[in-house]
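To start, the structure under review is shown below, and the notes come after it.
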Amino acid sequence: MVATDELLALFTETRAHSETICAPLKTEDYVVQPIVDVSPPKWHLGHTTWFFEEFLLKPHYPGYTLFDKNFAFVFNSYYESVGKRVVRTDRGNLSRPTVDQIYAYRTYVTKHMASLIKEHMTSELESVLEIGIHHEKQHQELLLTDIKFILGNNPLLPAYNRAFKENISESHELEWISIEEGMYTIGHQEEDQFCYDNEKGVHKVYLHDVEISNKLVTNQEYLEFIVQGGYQNAMLWHAEAWDWINSNQMKHPLYWHKINDNWHQYTLSGLEPLNLSAPVTHVSYFEAFAFAQWKEMRLPTEFEWEVANGYFNWGQRWEWTESAYSPYPNYTKPEGALGEYNGKFMVNQKVLRGGSVATPSKHTRCTYRNFFQPNLQWQFTGIRLAK
Amino acid sequence: MVATDELLALFTETRAHSETICAPLKTEDYVVQPIVDVSPPKWHLGHTTWFFEEFLLKPHYPGYTLFDKNFAFVFNSYYESVGKRVVRTDRGNLSRPTVDQIYAYRTYVTKHMASLIKEHMTSELESVLEIGIHHEKQHQELLLTDIKFILGNNPLLPAYNRAFKENISESHELEWISIEEGMYTIGHQEEDQFCYDNEKGVHKVYLHDVEISNKLVTNQEYLEFIVQGGYQNAMLWHAEAWDWINSNQMKHPLYWHKINDNWHQYTLSGLEPLNLSAPVTHVSYFEAFAFAQWKEMRLPTEFEWEVANGYFNWGQRWEWTESAYSPYPNYTKPEGALGEYNGKFMVNQKVLRGGSVATPSKHTRCTYRNFFQPNLQWQFTGIRLAK
Amino acid sequence: MVATDELLALFTETRAHSETICAPLKTEDYVVQPIVDVSPPKWHLGHTTWFFEEFLLKPHYPGYTLFDKNFAFVFNSYYESVGKRVVRTDRGNLSRPTVDQIYAYRTYVTKHMASLIKEHMTSELESVLEIGIHHEKQHQELLLTDIKFILGNNPLLPAYNRAFKENISESHELEWISIEEGMYTIGHQEEDQFCYDNEKGVHKVYLHDVEISNKLVTNQEYLEFIVQGGYQNAMLWHAEAWDWINSNQMKHPLYWHKINDNWHQYTLSGLEPLNLSAPVTHVSYFEAFAFAQWKEMRLPTEFEWEVANGYFNWGQRWEWTESAYSPYPNYTKPEGALGEYNGKFMVNQKVLRGGSVATPSKHTRCTYRNFFQPNLQWQFTGIRLAK
Amino acid sequence: MVATDELLALFTETRAHSETICAPLKTEDYVVQPIVDVSPPKWHLGHTTWFFEEFLLKPHYPGYTLFDKNFAFVFNSYYESVGKRVVRTDRGNLSRPTVDQIYAYRTYVTKHMASLIKEHMTSELESVLEIGIHHEKQHQELLLTDIKFILGNNPLLPAYNRAFKENISESHELEWISIEEGMYTIGHQEEDQFCYDNEKGVHKVYLHDVEISNKLVTNQEYLEFIVQGGYQNAMLWHAEAWDWINSNQMKHPLYWHKINDNWHQYTLSGLEPLNLSAPVTHVSYFEAFAFAQWKEMRLPTEFEWEVANGYFNWGQRWEWTESAYSPYPNYTKPEGALGEYNGKFMVNQKVLRGGSVATPSKHTRCTYRNFFQPNLQWQFTGIRLAK
């Protein structure tokens, strides 16, 4: 069990970090929702706060008064068991509560939570608190990717933060890591460390021989795929992907712009010439798969990735795997509303492993299972090949 | 020809009034677009400014420098002949330019326009200037109706301005004004006053006997239509209207809320018990028509309305007429981009006559032809019966 | 009042003619519904039969037994007051009742109707019978246009009937018929002849000077509009039309095919080289309007057309007018279900006057008001200009 | 290698069986496509024929003349590498080629194929021929499920064949088959028997302890799930499933009808009272998963199913598994167009194992991997539980 002091420090630092992320924003940037997958930054700030209020303060803080009884309706994301809510597509239609009101809400809840942690902590609450903290960390990553989408789809292409580094080239030589056929153990095993329910259920898998690249695919390699007609060759794509690229006229990763015949990329530090040696990013699973087909290779499964992860650097891009997001053997859904956290998304999504330049510190780990629909591009996704 | 001083005063007062309308808003309220018909207030402020820059300053102000060359892309509404633009559905996705930048843009353009009016006026420019002023007045009405939609569809239902009066009951007795069969002249005849192209082309029409009510239909009367099953009786509705009420589950005018069995109405001054004696508002043409059918009466044509208008008070509600929006005989579309102002909307829309509580001063007149699609409710529309 | 013999003859001949129209069809052709506006031929055959059964035999034939009690559900078109029905979009999903069953249904109803006409006729029934007959004639036109769509959108492009003549060139010189300003009487005046409710309500209109062409616009003229960029020039189109041509990639009338750089047209007699001197057909109102704009002319109103109709030949193409479909002064909707025949479509449609190569004999007249939505092309529509 | 005689017999019998399946149909039943997943029977008959013509006769029969060069456009299903085709949604819009023409096409191709088999067989062709035969067998199952949909969604609910038995109750006692933790071999191992590419790549998997039911879930059990509010309890469903049941108002399996408070089921032999002891069918994966959640159990994975299959009877229902459809380790996509057969569907689909009352003889086997999207109900799907 983690010491209260440590938890309080982690909580406080996490709460502060969300606000640091938003510091460069104009008030208007907090409000908009250009596509359904992107939530307005003010919604993220309010929703992460509501989570602490709903699951900790309201049931466990003696005599707690809600900051505003209407906020649950506004800031519940998808917890069916907790009551009605603004539908996801409408988040960008809400001008109120204002950004100032939401910051006041944050201050109020943070202060009460600090009291709760100091004065009323139990081991049962602790596990909810840890989920609350990591929940907010997850939204910190979404804050950055959603801010990027909001600014990167504005015709004025404003920078978010000139100092933000998205593209770090991997300078080492390409090598193929061999994993030998055999039995391996998968899942989160350090009992004293936090992890999500979907990583639990440690179990054995049998893997066949495989080699995994120690480098991510670069912009240069991906550009070659484009130039050689990758987006026009149906044989490389899943049937559903082919429909997707045709009905959306997809021709390149998100945020790529061809200006006067030169490829550029919008980054959080503004529009830049495409960095050819940097790892490709903002590709969908569909694109990652087609690229691998074109290379006559494949994507690793999440098990292969987990077994090999000690032999390469990871954490710059969320790496698409071939694995569909499914429950591990003996997966147990937590009781109550928190049972909705992971389990109900285990269909029609693909697992991503690793982490990204947008992932906050102390959040990810080698057993972490991220997941998104196969057509989505707006996360800092990348490609690692296997063969 | 209007004196320069008068024009300058009208221009200055009009520019100031748009900003007065927005004074009660929070920054966030300027940004959102909950439905496609509603534009963000900051877009209205920028678009009306762009109109002066595009059609007057850019071509006619010697040595004029654009405030920002990217703004044309952001603030063009629908002028195909002027260049590309943000599609209408995406206006609410734009956090930039910020509200502050747009106010700076307004100040810059207003200042240069004042110089233009004082120093470079010609009679040719004057007619464009008048359109620009009335164009901004038209957007002032839209600002109010769009603000109402933005706040009135927020789950917190914030008031816009407690002092705003939407509902003024008509206390006089109902009387039927008789118009005798015969020939009448229609269209704008005062040559020295501003009007739009669609009111010109003075022409004769032959009217048959008709009686027109000297009162608008009240909430009380409309409520009776609801209670007696008006929304469930297919025989009262156009086929297209019946599809519309069924696929949208329409059961009452926009902004009506039944709370604990009592009808309330969201108004710009906040949520209020429904004022039964006030004129019904926020009904579509489809609803106005069905109500008239239920009364075994009909809506007046725009010609009947224009002929009778001197015999009743108008200006509180835009009054749906039975007339489709079509060109008058000898209608001439102006040359160039301003030819897109009215003519290209003359299909599948209905004419509304009069004005509303949201119409700015000096804007409407008895020959004014407003027009909207028959399913729209978000304007301050109302019903006057004929038989 | 028409003599019973005459009515019986008209009835019998009308029933037979529907079957003659369908004689060239294969069983499969009776079944499909490629777009919502097109109904399967077997549905037309059943629906026109149901009309007689529902409105005449069921209420007025002593001891009448329904052919099949489920057919009302299948063959009601849009009579809300008569009960539930298969939704329009699903007509092409119905393989049963089979074509043979529907012909048996026709025989059964025709036989009983003949008895009804001979033995139980009253003047009240007579007016319903006349509507029933003209209703079937209206569907005869739809049968031909729907068959054309079914075969003309099949990749094999089969001919319907090699002898069918769609394109008859007008050989006379173009002249402009002048209509003088003044008062005119509009509407159906021969009391002893059948007409629809929407033509009644004879009334006066005042027309201003106008000139109307004595020739329809030809394929040659329309081709010039295409070649000169008509479909690319936004200034010629209504705003709604411009969206329509862009989202549907419209570039020419329906059934035109460019094969090896030569224009062809699918006709009911098969694919043919485009006949340049024939009147253009299968254009929407949107296209007719844009063409007229390009010519710096306009379409006539339905009143101008009615006044001028004696001075030109008509009947080859349904001629789009500038008039929206609205009720005439003193329009009275018939009581009961037949009140749904016309009135409920009087919004968002345009009036067409005349008739076409697909119109059956004794059906149309100079006061006849046909109506369709402005984007529809599948009828034999055409263009006559006014100025 | 299979003897030519045997292959010829299998081919001949397979071709004949497709026609036997269609024998009870009316011509009209061959034509319609009520939903995109259902193809018209005549399309199935033509498409399976085109497969033999395209992949065997055209490239390998000396001097072969195509029956009709336009048929490839009509009957190609999804082979991007083979050329353009009628889009899937439009198959029900095609009245031509007629049913008679398609039967003539079948006769022509069957005859030439028989010559090919007898005179020009090579081992390379043999493997394509086997795929062609099993391809037609797969379409025989679809023919039955599509015919059921076509007739079962017709308001007249006609029976297909009174003798067809869909519902065979399992009379044995429920027992739980234990599979012990350990290593198992998966995939098709009999080298001399036909299987699809997706079953190859024999490999090892490690399974943990599991128990699998020896009985399918019955209608009685499923009805209890309905009665106890299964369709109203969000906690049982995937998030995507919850959207699906709400936007489609799902409340029971496909083909269930509540008539006067008694549940009925449309079957290929007509409408019948629901047979409570029969295995439930026409449920989606979403429903199978929610049912298992409600039972506090789960669905087996496809590996568990394959290991246990010898201990229970299967073949009456396609059994949804928890496994997403993914490539086996070392899966190799065949070269050329036949590489499109399976691989391109390996995303967003779930594996089903077993077979159904509609599966033709000699088609399925214990390693067979069927796959469908998780929302589809129109196959004869069923539920087997694991815990």
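Note that the chains are named A, B, C and D in the order they appear, and that numbering of residues resets to 1 at the start of each chain.
By our rule, a contact is a pair of C-beta atoms (placed from the backbone, for glycine too) under 8 Å apart; a residue touches a chain by one contact, two chains touch by 3 or more.
The structure presented is a predicted model; accordingly, all values stated were derived computationally and were not measured.
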Key: Most widely separated chain from subunit A, with each centre as the mean of CA atoms   = C
Query = So, what's the distance in Å between the C-alpha centres of subunit C and subunit A?
reply = 57
Inter-centroid spacing, subunit B versus subunit A (mean Cα positions, whole Å) = 45
Task = Would you kindly tell me how far, in whole Å, the mean C-alpha position of subunit C lies from that of subunit B?
result = 37
Query = In subunit C, which residues are in touch with two or more of the other chains?
reply = none
Task = Indicate which of the five shapes (line, ring, star, complete, other) describes how the chains touch one another.
result = ring
Ask   = subunit B touches which residues of subunit C in the complex?
value = 78, 80-81, 183, 203-206, 208, 234-235, 237-242, 285-286, 289, 298, 322-324, 326-327, 329-330, 339-340, 344-348, 350, 374
Message = Applying the document's contact rule, which stretches of subunit C touch subunit D when the two form their complex?
response = 26-34, 42, 70, 73-74, 86, 90, 92-99, 150-151, 153-156, 158
